[in-house]
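Presented sequentially are two complexes of chain A, the first with chain B as partner and the second with chain C.
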Partner chain A sequence: MNDNCTENVCVMNGDPIIVKDLSLRYHNRVAFKDVSINLSPCTVTALIGPSGCGKTSFLNCINRMTDFVDGCQVRGQIRVHGENILSKQTDVVKLRRKIGMIFQKPNPFPLSIDRNISMPLRYHGIKDAKQRQEIVEKSLNEVGLWDEVKDRLHTQATSLSGGQQQRLCIARAIALEPEILLMDEPCSALDPQSSATIESLIGAMRKKFTLIVVTHNLAQAKRVSDKTVIFWNYEGFGQIVEDGPTDQVFFKPSNKTAQAYIGGHLG
Partner chain B sequence: MLKIKDSSLLQTDNFVSSILKIAASVSAVIVILILGFLIRETADVPSRIGITSFFFDKTWNPTESQFNLIPMLAGSLLSTLGAVMLAIPTGVVCAVFLHLYANDPLRFILRRTLEILGGIPSVVYGFWGLVVLVPMINMWYPPGAGLSAAVSVLTIMILPTASLMIDAAFQAIPRQAVAGVRALGLERWEILTLCLIPQARLGILTATLLSVGRAIGETMAVLMVCGNIVQFPSSIFDPIRTLTANIALELGYAEGNHRSALYVSGILLLFIIAVLIVVISIYERQHQRAKYDSK
Partner chain C sequence: MLGFISWTASLATFFILGILLFDMVSDGFRIMMSVDFFTNGPEKAGRAGGIAPILVSTMLVVGIAIAVSIPIGLATALLLSEFTRRDSQFAFFVRKSLDILAGVPSIVFGLFGNAFFCVYLGMGFSILSGGLTLACMVLPILIRTTEESFRAVPNEFRHGIAALGFTKTASVFHLLMPMAIPGLVVGTILGVGRATAETAALIFTSGYVDRMPESVLDSGRTLSVHIYDLAMNIPGGDRMAYATSLCLVLILLSMSFLTNIIAKSVLQRGIYTS
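Here is the complex of A and B:
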């Protein structure tokens, strides 16, 4: 997509995200239980599996969006740079700046394209308007949107197409220079062409960020990811049945359920 | 073997649709009848009194054929404007508090309280204004009854409903829009400015215009506290009379041209409300179109 991404060195410093005995429940319903996994830095990890097996809930734990869900209890540890982000002392606001999130449906603010990116920057303490403008341009460039919108930066973001809106949301997230980018089915509300654009963008961003992508689309997982994790619903709650390099998960899965799922016989 | 009649569903649908059509037409017919009645009562006014009299006569003194409605129109508009300008910002603050700052039990209690306040008959607010507010203002700025008392009572009266409407507009915003702000590491103030206010703009405008409609139409509460002197107020403590109060005060004994003049003020009120409704619907349509374009 753009050279900017590939030149950059990953900001994660080689530390993996260590998830240990993570369990999540909504009131009395267990979403997933005792999930332990290491998520490699500077790679694209795809989380796949059927609906209701806890993929999105798992993703929401990583930037503590679970804090806002009524009756949601999270147990266990998620260590980023060695620190348990689930502990009470974590500054969640700072955490969410470091861990960006892209949603299923594009959710730009009902403001101008420019303000969608520059306002969060301003709130995060970048007072210099010129510097903000540079970051806006750089971020829009990274998602390949700059040339499409540079003449109408002050029009409503909601007037963009769905795919452009989603790229704007990605630009908005990476403008804050996060280390990790969580994507919750980022293409499922988009047409095939826009999906392809987002997919190639994910490929371009893999060197710079640690990307964790939830998807329902097996082919997409195979195309974009370096590592794949399969969630499955056993005995009423989600757990990981297979994880590893994407090639291995897709061509030589060890688990029987994973084999059937990849082969298209299940799920 | 399953037997399916192929006409029955369509018949039921036609039946339901005709009932709904009748119900919908009844309300439209009532409005047209009221308008027809007002027009019939005032049809010969242009020839008997003349349109310009209502705007250029020296004063309102119907027994002496003086029919200037402007001071009362000003009274209605000024009291409404003042009340809406106070109530809407306060309503936004209330709704923001409810939505972002109050915890669940407090939010529940506040919402129920607002609903109860919104249900209190306006005459009760007027009564409170008369026995509490007017004497209080009278201590500093006699006579007490006047524009300021009318604005205060109207503000208190429209505030609960305005808050609830704005609160409802905030509640209608998809959770994901708010989550989008939070995911950027931003908190309540930013949620307010980036998401709630821009998303609920239409809701806030609708609440404003409906409040205007309610305030301008209010009769009893205003009549009890506004002093009822026909004059163009020179300060906010001057007594005023509103169009609605005027109709209520004088219709009982008005005859001939006097009576017709009161009907004219009725048409004037209807006209103001109609303009408001047209403004709302134009704005809503533009808003919808903007939304549709983005798809």
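Here is the complex of A and C:
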């Protein structure tokens, strides 16, 4: 599907995302506490664990979407290229340009397919219409959507199927050439066939971006990810119980809870 | 039994409309059909002639009201829906004040307009005073409809566009505003309707003068004030009052049709543009 991606070199330059003592609370409820982990660049990291253990909240910290939640307090550090993105001085707008996000429910804007991608490009300074058109075509090609929509680029994006909408959202995000792409259960609202398409897309994108994928589906995590992090709810708040290369986490987990979870006895 | 009461009540409603329209149409239609009615000024204190200056004054008053209220309304609605938290004390007080303002009788707005614009700011009885008073009157309805149309935009779009690196302001201009425009248009037309039909607030502010206005600082008489004057103060003015009423009703009806058409076509179409 996606030969363009593999030709590209990951832009992260080998810097890991360093998370140190990260805690998050909503009003009085602690979502997760003292999470420290290094997320490797240019790999696919899957975040798994049962509902309510803070995976999505953790993901939302990385591009500061937590700023939108009333009463949400984040403590600790997340260092991207050495810079703590949680500090007050961080330019959140620039940060989100570098760290794209795909949401659980596909959210194409009620604009044409073309404008969904070209509008953000234009806003981010690509004034030349021809250049924008090229990027639109390239990104749609990367997500394998170009052939399906090239004759109807000017129709409403919401007329696409759920799977196509999600791929459009991915195309929209990668058109801005982010370094990191956060995916919050990108397949959970989709049918099995569309999920498979998105999964192979994740595989193809691993060389180009640092991908962090939250998923409920263990088999999916095993299929698509290089590294896996298991979150668990202990004593009322989320924490990491196991992390490492996916093969190791799935076949030789060291933590008892992780063993039970992977083995299907828990969660 | 209940069926009978419902039928009677419905028929009564229908008859009220019928009688009202019948009077207006039978007495006013012939006068309204002549071109002179729309091109001449009132003669003999309105018993003869036309309503040309009245129409011009009405347009000016309503135009000022809308020109002033749209920017203020839009800005306030934006503040309430996008730039304050839902539980903000300030937004709560602004919303409550708007609800109270929306319930204030128009004659009170008239007295306020007279005291503030005509006397305190020295604008006198003028189209400008009338327009500004009406702007105060339509603001609550305009702000609330616009705020609602911003609120109707699902949060997933706000988060989606923020995740693409848009600033709050940019996301408003690029996405939220276009999505909220149908609501803004409907709110504006409702506001125009209310302003066009207004009498009490204007008697105290834009005045009675039925000459063609030369500037917005002249006093000018709007359609509804003209109807009031013809019916209450001018013996023998009823036929012209009916004709003017018919004209006003037709304007308001066409506005209501326009609202429906816009609401249907634009709301369904969304903000899709190629």
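The definition used in the following text is that the second predicted complex is superposed on the first by the 267 of 267 C-alpha atoms of A that agree within 3 Å, B and C clash if a C-alpha of one lies under 4 Å from a C-alpha of the other, contacts with A are read in each partner's own complex, and residues count from 1 in each chain.
Convention: a contact is a pair of C-beta atoms (placed from the backbone, for glycine too) under 8 Å apart; a residue touches a chain by one contact, two chains touch by 3 or more.
None of the values given here were measured: they were computed from a predicted structure.
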*Looking at the overlay on chain A, is there a clash between chain B and chain C, or do the two fit?*
clash
*asked:* In the overlaid three-chain picture, which partner chain does A:G100 touch, first (chain B) or second (chain C), both, or neither?
replied: both
*First (chain B), second (chain C), both or neither: which does A:H124 touch?*
both
*Taking the superposition as given, does A:F68 touch the first partner, chain B, the second, chain C, both, or neither?*
both
*Considering only touches as defined above, state whether A:L176 meets chain B (first), chain C (second), both or neither.*
both
*Which holds for A:L160: it touches chain B only (first), chain C only (second), both, or neither?*
first
*Please work out whether A:P110 is in contact with chain B alone, chain C alone, both, or neither, and reply first, second, both or neither.*
both
*Check whether A:V30 is in contact with chain B, with chain C, with both or with neither, and answer first, second, both or neither.*
neither
*asked:* Let me check the overlay on chain A: which residues of chain A are in contact with chain B and also with chain C?
replied: 63, 65, 68, 93-97, 100-101, 103, 105, 107, 109-111, 119-120, 123-124, 156, 158, 169, 172-173, 176
_Touch list for chain C against partner chain A, complex_ = 85-87, 155-167, 170, 174-175, 179, 270-274
*Please name which positions on chain A make contact with chain B in the complex.*
63, 65, 68, 93-98, 100-101, 103-105, 107, 109-111, 119-120, 123-124, 156, 158-160, 162, 169, 172-173, 176
*Contact residues on chain A for chain C in the complex?*
63, 65, 68, 70, 93-97, 100-101, 103, 105, 107, 109-112, 114-115, 119-120, 123-124, 154, 156, 158, 169, 172-173, 176
*Touching residues (chain side chain B, partner chain A) in the complex*: 174, 176-177, 179-187, 190, 193-195, 198-199, 201, 290-291, 293-295
